[in-house]
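Structures follow.
After this come two complexes, each holding subunit A, first together with subunit B and then together with subunit C.
Coming up: the complex of A and B.
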């Protein structure tokens, strides 16, 4: 019985966003990466082949908390505290598509590091790796606003993806990204309408809609995953239906949230029924990423080398030569 | 696709006899389309018309039950492609493969390992329900004995053998527990269909592709066997997702009956972490049954949690138990925080309190799963409900002080709350991320001043 397959076609298309700039483009990256461009839901080449596969970014922190989980610390122990070395390891050894540098140390509750120190870290990481860079602030609005302009200036012309712009605090970052040729990461917490509103505000300041990447929430497996999953799915559907203010590629910072989960942290002695503690953290990251890839994530940010490897293999499998259907 | 009034009108007698109680056949058709009338009211309706209407009323994806009576597992009967459109109803069962070519004591140990994959999360029991017992020796009696053993261990079964005679032995031994029989193929479908019918067990059907699969299910359904589970035969990540998506679309959007059954997916990756990734993808995108290699507890925990998340009703958020919860090992001087029983709110507060490295008590108020501001707006998180929760929780017996920290968003109620419960009310941060700073500064100062 010949089954007539149901192909979906959509009026809209997801914007194509390039991160990183080569020497010819005014930067110093050996390569750039491009995400988006989809005319279909994820991994359905039968509907419309996607020009750009999802990417795996590895998070590098300029400072890690003292209670950072032991199983995360393990493989990275010798590069913690040395962001440039850490980034180089991620690209050279673990095969990260790009680096997500989190500038945590400027946070007043952490080390209250200076904007100059943050800019120096950015320069060091840019010098250490040929890959494009995502740069994320510490989340303290006032301090971020001091740090961002110095950081974007330090990376001028490199077309980094810089964040996180939130509805309460986006103007300084938009201005800095426009001045120094970067792309902006915009976050609305689990809300389609606020995300759209934020995008409108950002574009009204002169940022082109194809220089925005969406970050629709902070959830992990077991801790709100379903909310972020569905918000991403709704944003992607709206984008494909033609809403240009929701048609940007999406990024999910998986690592941070996944490693906050009890399941990723508690030792076996505390929860013997959960099994090997060394595997739970990577599993939490990888499963969270797997779900978000299905709901439309174009970039997943991970920390542990094992989950990076597994998610990279899955993306390769999912974007292999189109299957029969 | 449901039938329209016009579709129905075309198959009615069109005599306008009025015996159904409605003056015209068209009016009757309109009532049928909106399910306000039954075709039985028409004495002249043809058998074809009745069959068409009955067919249209059946759910687009059949509900298939398996497993022992006291632990029945229901698969299928999904209604949407995206969970936000409504909800996903029947979480995919997870079947762990165990081969029969091992000594009885090892087999028993394997069943015990599967039985132990049983977790509790936010008040729900999450477990691996099914052993997919795989005949590896072609010995009917051995297969049947292993099936009996798993059945006695309380596990639901999927029986895997393509030899109808071997499968029959095991199916007969445990038929009362409705094992899933795997699988009918182009080579054996008639014998398998008869066997499944004889023992009243659900039957998995495997095609080499969707075309062959639809062909087989149509033939098997014609024999009167309709408790079917689909296997498109794809064994790669990408092709399996594509097939599961097509099956769901065709069933829901086209009411394509030959694929209107729950569909299974085999997890085929080699690496244990890759298996979690692949399984999670199939949980998100349309598997009703996941067949996996044997799982380590950490793998099972991740998969059942993903399943719990994706199959949570978007209209009914997961809730935590109201009452007193602890973060760390609090004592009589530890802070008492108040929050709602929406799981996401609670977990955020819990994590941020943990991050403050100060042990604390958390009094959880029953807000029917609403977050702080939503519950406040709906008058479910107000001075009265918080005061009642504080009293009912018995927290007064656990701490020596009388200081309560409420979320900053509901600062307005602090006066009234103090009046009602007699505790000193401290207004905490608006966002739970501010808890560590709050603990370090305000709480410390107030606690120090009091002592």
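Coming up: the complex of A and C.
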């Protein structure tokens, strides 16, 4: 018996955001990526086919913490400390759609690296890979505000996605992104009202609403996933209902939180029933990412090559056109 | 809330002058300012004119379309003038308006069908203005039934419960509100519920205050469209705020600074 599927249509549409600029567009990227443009909830092509599939970004750190999990360190051991090499491997070997460069070393409690050093890292990574770049600061507001202008200038015209702007610290980054032609990553901590507020403040400074990507918080499987999931879903629903201040593509930084979970870190000796530790971390990362894809994430940021492969397979399966249609 | 700007109406002296002198800039400016104020569509009414009204309507529609690209509400008591406006209209249109009277439905339902236009329908009929909510609902039902017979999708209907001036028919303000929830139950998809807001304050001393108070009350009763003055900032702020309080838009501290959806 034929089943008639319920179809839903929405008055609003998610903004389309392009990251990266080719030579013709004033940058040096061999390719650009585009996200958003949705007129329906994710993976419901019957409601409205999405023009752009979700993307996998791989995180590259300019400095890793000493207690970085062993199974995360393993496959990357020879490129840790060499961000350009690390980025190149992510693109060439692991097939990352784009690179998310986290500039951790300028943090005063880490290496207190200079803004110039951070800018040099950005230049090196840009030179090493043809893919578009996401650049994330160290999270120390004062230091970020010193680093961001140098970094956006070093990547001028490359249309990077730069973050993260937070309600307490966004003005410097907005000005820097406007001056150097970048898009901004706006973060609110699992709070739809604050996310909307931040977007209004950013657009009031002259940033067009289609040059913002949302980062609605940090969580992982078992550690607040459902809160972030429901906030992302609520943001997407508001956007589809026509709220232009919540109609931006969304990004989820998955790796950081997923690898904090004890399930991802504990050795087999501590918890034998959990199975091989080498696979638990990637599984935790991939499962977290898969959930965020369902709630509307347009970009998931991952670390481990195994979870990248798993999430890329999941995206391919979810966006495949079913036989007979 | 679907906002139809009311300002391009020949009843306003400045608009009548612009029509007389074919001052396209003045009309275009008024159109742009209403859209900037938050209008989703603009009402176009020639007002009383010494000229051929169909010609004036055509000129107004063309002039407004040069300036902005949003739906237009073609407002005239004469079906021939409505038809002229619809023909000139490039995008989506609404017809303002039919009543429940057979003669008007016969003339305007086919036009709505032909042009794929929305149809504003006042709940009055040959017997005149109904005196209570039940009588409004009865006429609304007759209009919905006729629309369904004709094949006009029911969500193309904008039912107007008739708002009367508070200083002339004080008891009717409440009756119009009471009629709104009953309209929504008439069919699926439900019709839109629209009011001509400024009527409520006609001839009163506190027009803007009365308008915005009544608007919030109407929104709470399910009204989802209004013909009003989008240049009245206080009114538009109340409209956004009521939308927030009714959970139609997500709250944040600066919601009034953001562009309306």
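Simple rule for what comes next: the second predicted complex is superposed on the first by the 319 of 325 C-alpha atoms of A that agree within 3 Å, B and C clash if a C-alpha of one lies under 4 Å from a C-alpha of the other, contacts with A are read in each partner's own complex, and residues count from 1 in each chain.
Basically, contacts are C-beta pairs under 8 Å (C-beta built on N, C-alpha and C of every residue); 3 or more make two chains touch, one makes a residue touch a chain.
Note that this is a predicted model, so its numbers are computed, not measured.
Taken together in the superposed arrangement on subunit A, subunit B and subunit C fit without clashing. By the document's definition of touching, of the two partners only subunit C reaches A:246; subunit B does not.
When the shared chain is aligned, subunit C comes close enough to touch A:201, but subunit B does not. Shared-chain residue A:313: touches subunit B; no touch with subunit C.
Of the two partner chains, subunit B is the only one touched by A:1; subunit C is not. The superposition places the C-alpha centres of subunit B and subunit C at an angle of 80 degrees about the C-alpha centre of subunit A, rounded in steps of 10.
When subunit B and subunit C are set side by side, the one touching more residues of subunit A is B. In the superposition on chain A, contact of A:24 is made with neither subunit B nor subunit C. In this overlay, which is a superposition and not a single complex, subunit B and subunit C have their closest Cα atoms 9 Å apart. Shared contact residues on subunit A (touching subunit B in one structure, subunit C in the other): 234.
If you check the complex, the residues on subunit C that touch subunit A are 249-255, 257-259, 261.
Within the complex formed with subunit B, the subunit A residues making contact are 1-3, 5-6, 8, 43-46, 67, 109, 139, 219, 221-227, 229-230, 233-234, 237, 260, 263, 273-276, 279-280, 282-284, 286-287, 289-291, 293-295, 306-307, 309-311, 313-314, 317-320, 322-325.
Those residues of subunit A that touch subunit C in the complex are listed here as 12, 192-197, 199-201, 203-204, 234, 238, 241-246. Across the complex, subunit B meets subunit A through its residues 82-84, 116, 118-119, 121, 209-211, 214-215, 218, 234, 236-239, 241-243, 245-246, 249-250, 253-254, 256, 258-259, 269, 271-274, 276-278, 280-281, 283-285, 296-303, 305-306, 308-310, 312, 314, 344, 347, 351, 357, 433, 436-437.
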